[in-house]
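Here the structure comes first, spelled out in structure tokens, and everything after it is commentary.
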Amino acid sequence: MRADERQPYQMRPIEIDTNYLMHPEGSVLITVGKTKVICTASIEEKVPPFMRGQGKGWITAEYSMLPRATGQRNIREAAKGKITGRTMEIQRLIGRALRAVVDLDALGERTIWIDCDVIQADGGTRTASITGAFVAMTEAVHKLYLEKKLSKYPIKDFLAATSVGILEDGNVVLDLNYIEDSNANVDMNVVMTGNGEFVEVQGTGEESTFSYGQLQQLLKAAQEGISAIFEHQREAIGEEATAKIEENGTK
Amino acid sequence: MRADERQPYQMRPIEIDTNYLMHPEGSVLITVGKTKVICTASIEEKVPPFMRGQGKGWITAEYSMLPRATGQRNIREAAKGKITGRTMEIQRLIGRALRAVVDLDALGERTIWIDCDVIQADGGTRTASITGAFVAMTEAVHKLYLEKKLSKYPIKDFLAATSVGILEDGNVVLDLNYIEDSNANVDMNVVMTGNGEFVEVQGTGEESTFSYGQLQQLLKAAQEGISAIFEHQREAIGEEATAKIEENGTK
Amino acid sequence: MRADERQPYQMRPIEIDTNYLMHPEGSVLITVGKTKVICTASIEEKVPPFMRGQGKGWITAEYSMLPRATGQRNIREAAKGKITGRTMEIQRLIGRALRAVVDLDALGERTIWIDCDVIQADGGTRTASITGAFVAMTEAVHKLYLEKKLSKYPIKDFLAATSVGILEDGNVVLDLNYIEDSNANVDMNVVMTGNGEFVEVQGTGEESTFSYGQLQQLLKAAQEGISAIFEHQREAIGEEATAKIEENGTK
Amino acid sequence: MRADERQPYQMRPIEIDTNYLMHPEGSVLITVGKTKVICTASIEEKVPPFMRGQGKGWITAEYSMLPRATGQRNIREAAKGKITGRTMEIQRLIGRALRAVVDLDALGERTIWIDCDVIQADGGTRTASITGAFVAMTEAVHKLYLEKKLSKYPIKDFLAATSVGILEDGNVVLDLNYIEDSNANVDMNVVMTGNGEFVEVQGTGEESTFSYGQLQQLLKAAQEGISAIFEHQREAIGEEATAKIEENGTK
Amino acid sequence: MRADERQPYQMRPIEIDTNYLMHPEGSVLITVGKTKVICTASIEEKVPPFMRGQGKGWITAEYSMLPRATGQRNIREAAKGKITGRTMEIQRLIGRALRAVVDLDALGERTIWIDCDVIQADGGTRTASITGAFVAMTEAVHKLYLEKKLSKYPIKDFLAATSVGILEDGNVVLDLNYIEDSNANVDMNVVMTGNGEFVEVQGTGEESTFSYGQLQQLLKAAQEGISAIFEHQREAIGEEATAKIEENGTK
Amino acid sequence: MRADERQPYQMRPIEIDTNYLMHPEGSVLITVGKTKVICTASIEEKVPPFMRGQGKGWITAEYSMLPRATGQRNIREAAKGKITGRTMEIQRLIGRALRAVVDLDALGERTIWIDCDVIQADGGTRTASITGAFVAMTEAVHKLYLEKKLSKYPIKDFLAATSVGILEDGNVVLDLNYIEDSNANVDMNVVMTGNGEFVEVQGTGEESTFSYGQLQQLLKAAQEGISAIFEHQREAIGEEATAKIEENGTK
């Protein structure tokens, strides 16, 4: 049993509030345990210079934390005048992950800007961001679809993420909170699609290592967790968008 | 009658959710019409170098907007690597305003960091930030009081702010929303204390000017609005904190 | 009586040297007591990207201090790599104030760059900058007029600024020098036009507040001071430019 | 067969020139196919502020490319004034990987600065950097050992890295060159220790995904490649350092 | 004869106004033809960290131009957020040149900050800056001497600078103005001491070269010009300071 | 005799490895004693905006040091976020020197980017960079010539550089190593062309001065050294390029 009374392979409660803000084309507040992230998707009717004239779309992501999302106030990156390596890694990961399930040709020459702003952090902020961003993006894309601006539905499959890890006592656990994460020997983030394929597997020993057997256990835990998250996403995006995505999956 | 059916001197609905986040010493979500700002107050047990050894406290504020708080996505200041002039003006204003009602000697050698992050913007974000920040700050200071870390209650009076303006049709109105603000000839932000004194009066003609008579009308509208806001603040901070502040006011 | 033997509502001596530099289209050295500011106006025959094709002009201002304009050497902003909040506030104020008295349509698609560089500071540098910049701008615009590049004279009215404040002893004074300014309870900058209207009123309690009655006194002092400044401006810009501006005022 | 006539699981030729530069405590030029990286290790007799007084050491890494390490000249990060996200990711990865095989307590309060500068790039620069940095670090640490500055040999195991991937034709290949890497569907970097454990597994679908079966194949290929690299590292560091490390491994 | 009717070896008129500003310890306005530079010297009673505890002083210089010192407005370095290579070269040159005639041990642990701000530019701004800065520095140092804060007079000799060049017609000329400088084939800055020694010789072919014979002519012209400048400096610093410096020279 | 047993006017051994890297159009590793610099030349088929449409080419240079090129690790300029004054001076010098021997009209609208990256530093890195960059540039330009992209051979003459100086004992020496350079009273860099003309003469007293007689000696030493370097350059660029350059020289 874990400190917060969960079983090793048990996720924290998840909630996804859709249409959370008035301005963005898509926006959710995702809550995973005590972690809360506002994810928005903005449609821009052009692409970056290096992609112009190819008829393809682009998806890019930014990630940030409010200064008091954490126990100790952290200095704003705007005040420091530069973005930390951690933030860069996370925003590159989010963008790359979303692009894996979107048919960029079907999107047309548009950019989807994803913004993930962590309001409250208790571990797993990058995976919650991916999970929430998928819903915000689908909300925004579905509006384009309803406005008949798309020749083809561009979202090819569901996408969600979670963290798994090996605690100091050697136990493999799913969906680590902040305390667990700080003390884990191995930390792994896994991003998967609705059809059970991997998009990202990032496992890291923290001044520690892991065996092939442990790697297999970690992936199994991640698969279980992510399957559960897909149910929340289905509910959040609604029946019509779910049907359109599953139709793409069948093809 | 205004576009959103308000009377000229009528404010938009206000809500102040206290204890909004788990980590900060004080935190609120303030809603003024469709404008929503998360205000947090963080206590740091030291002061900036230029104030050390004087036994006095300090209050400093930072302000930011989520990229999609607005109709059009705005580029993050962290991505630009620098803070805009507008942001600097606002965060200097918030800090200065709060310091006017705090006895910095009574606070002791501590810094209160105020963070105002606009989640959704529809005009009046700087005045909503001041109003909300006062409540978050009081929440944090009251904790210090309950922990018996203060020899004297440092908050001397209530503090709230609103905007007033002159529309293109020449009408003086209270609490402008974004559309009104964009088209106003004159825009004025007023910060006042519970005892009816001014802390800041910032009136600006936008490629326009205003007479002494109009200035008087603007201030009258502001006074009415701010009186109403104090009721919301009293309720938000609760009876005990209200009593402690009023006790200071009497002296 | 004040430390430098002035009456409360007495300004310091003002001098405005016109055509101060050889290169700029307009340039003055303005002296207000011991405060000295070089103000230049540069005409650029294009406008910023966001204004192109509208047939309108633009006015923008920059402000800086030499490192030893002050008692203690201050680090150059170029060396720090960023502009302070104070500088940004001041340069936004100067630009906004000047735009209030210029008919941007009559200016045509041109930018006027105003540069205010403080050579020696003894309080009131931002208001001296506005007062001087108005003269430099008029010098530059008048050259355009003499070169017959304007269909209509674009300057609609005179514009000048001064500071007023409440000292620690409760006295309302006009045109504060550095020592007075550092110790004042309330500091107010007022920008007015030749016809007696306000463009900016920025009153700030410095860890202090002010009543409605005090606000009225402050504005009265400012009005008196600014009326006197207009005489200096008239003389500096000469009869022809004065006549052209007054003609616009009558309309 | 691959474009450069290699078998799918065949690595490119590797060379490690030790003691490559006169100033650093450890330095190598590592060549993997046409990829060439100068790796240096510098010993500093103190640790960063956040670690002082714990008696522990620290290892940190920086990574850069010469502008013409690549086919197209890339702008220097010093000229841009900021470090790209890609560079940050790589330098964080290198530092983390090395720390996994070093007993930081045995190192004492010292920092090892690793610098990896890519002279010529043809794919796999980050994994070549890790492999080369391990040798440079061992060279530097071994000097400390010979100078009798260490109570215990701090390097616990060998460490090397390689890339594996899935090409567009679905084939799993080892040690991708630039052309292969640019067109791969899946790209994976694997860092392992001498005893066969994983330190990092970073697999990424590039607008693509991968199955559990493919993941297993990728890891198998990586294991084979890394085993071969350990032979080159043994030879490069020499018998005495190899013996000291293997002694630690046995314990 | 030159465009402005000077002989080849004739300097432009020089004026040095001393005690130009109220705050700095030393300050001059130097005018060389139409070039005008404000030079100030500020005494700080400490040295940079790398020099502490050696009992020696330090001299450092900064250089800047007002945006409209030139025919075309140039963007402020503070607005760009970085200092250009040209500015860096000049401020390094000024500091180095001054240090050559100051006994840093006799100065004691103090820093002299030199600021050269070009108000109006017409060629030769860097050499005018050196010539003016020498006078401002002497003014400041002489105050220390009069306050009896120095055990020994630290200025060892006079120091002045001028430019020489080869025009397109092959003529060697002294003290080039902006038009001459822009079209010269060879441009040389020379800094000399009162006893006729060189401190800096910086000759540059601008897409051109020069022979040994031409170099000799350039140096001869520079020597003549600088001799004349010393007369102006003597007058500016006054008899007492001149005597103290010459006393040092004799030794 | 000098510390490393050289005669006063004796250079250190020079080696120039051509075609050092696979990607750049021109690339050399130049070794002067223990100083090693990688110089590359990249051809870009366009010029900077300020030169477009003139049919002329441009040459620009960048210079950097690896962090451990020196005895003590120096912080990367990319990590600091800005380029030091020393680096700027050097890269401006390199570009200016090369442009003196290139017919920019004959080059056509192309930019040659020169990159000099110091791998190992032992004095004279800027002069070794110029000498090596000339060879890399010629290699790149000669490729354009062989591809028949040039109507005229643009390199007009050879170009090389060396340092000379006056040691503390008063001796004039050629090609100073790091130890000599650190302690020299006078340091001079000289850049010359194949026909014996000067391009740059930069002599600097380091808290010291030099007489006209010493200047003559320094230039003589530099001339001798540079003559020897031309032999190495001839050999490095080969007979055909040498012949083309000499042909230009004759005209």
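Order of writing sets the chain letters: A, B, C, D, E and F. Residues in each chain are counted from 1.
Heads up, the rule we're going with is that a residue touches a chain if its C-beta (ideal position, glycine included) is under 8 Å from a C-beta of that chain, and two chains touch if they have at least 3 such contacts.
Chain-to-protein mapping (UniProt): A, B, C, D, E, F = Ribonuclease PH.
All figures in this text were calculated on a predicted structure; none of them were measured in a lab.
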Chain D (Ribonuclease PH) and chain A (Ribonuclease PH) - chains in contact with each: none
Number of hops, chain B (Ribonuclease PH) to chain C (Ribonuclease PH), where each hop joins two touching chains: 1
Distance from chain D (Ribonuclease PH) to chain B (Ribonuclease PH) - Cα centre to Cα centre, in angstrom: 52
Computed distance of Cα centres, chain E (Ribonuclease PH) from chain A (Ribonuclease PH), in Å: 61
Two or more partner chains touched - positions in chain C (Ribonuclease PH): 81-82
Complete ring sequence of chains beginning with chain B (Ribonuclease PH), oriented so that chain C (Ribonuclease PH) follows: B, C, E, F, D, A
List of chain D (Ribonuclease PH) residues in touch with chain A (Ribonuclease PH) within their complex: 82-86, 88-89, 91-92, 96, 99-100, 104, 193, 196-212, 215, 219
For the chain B (Ribonuclease PH) and chain A (Ribonuclease PH) complex, residues of the former touching the latter: 21-24, 27, 34, 38, 40, 42, 44, 62, 64, 66-71, 73, 76-83, 87, 113, 115, 117, 119-122
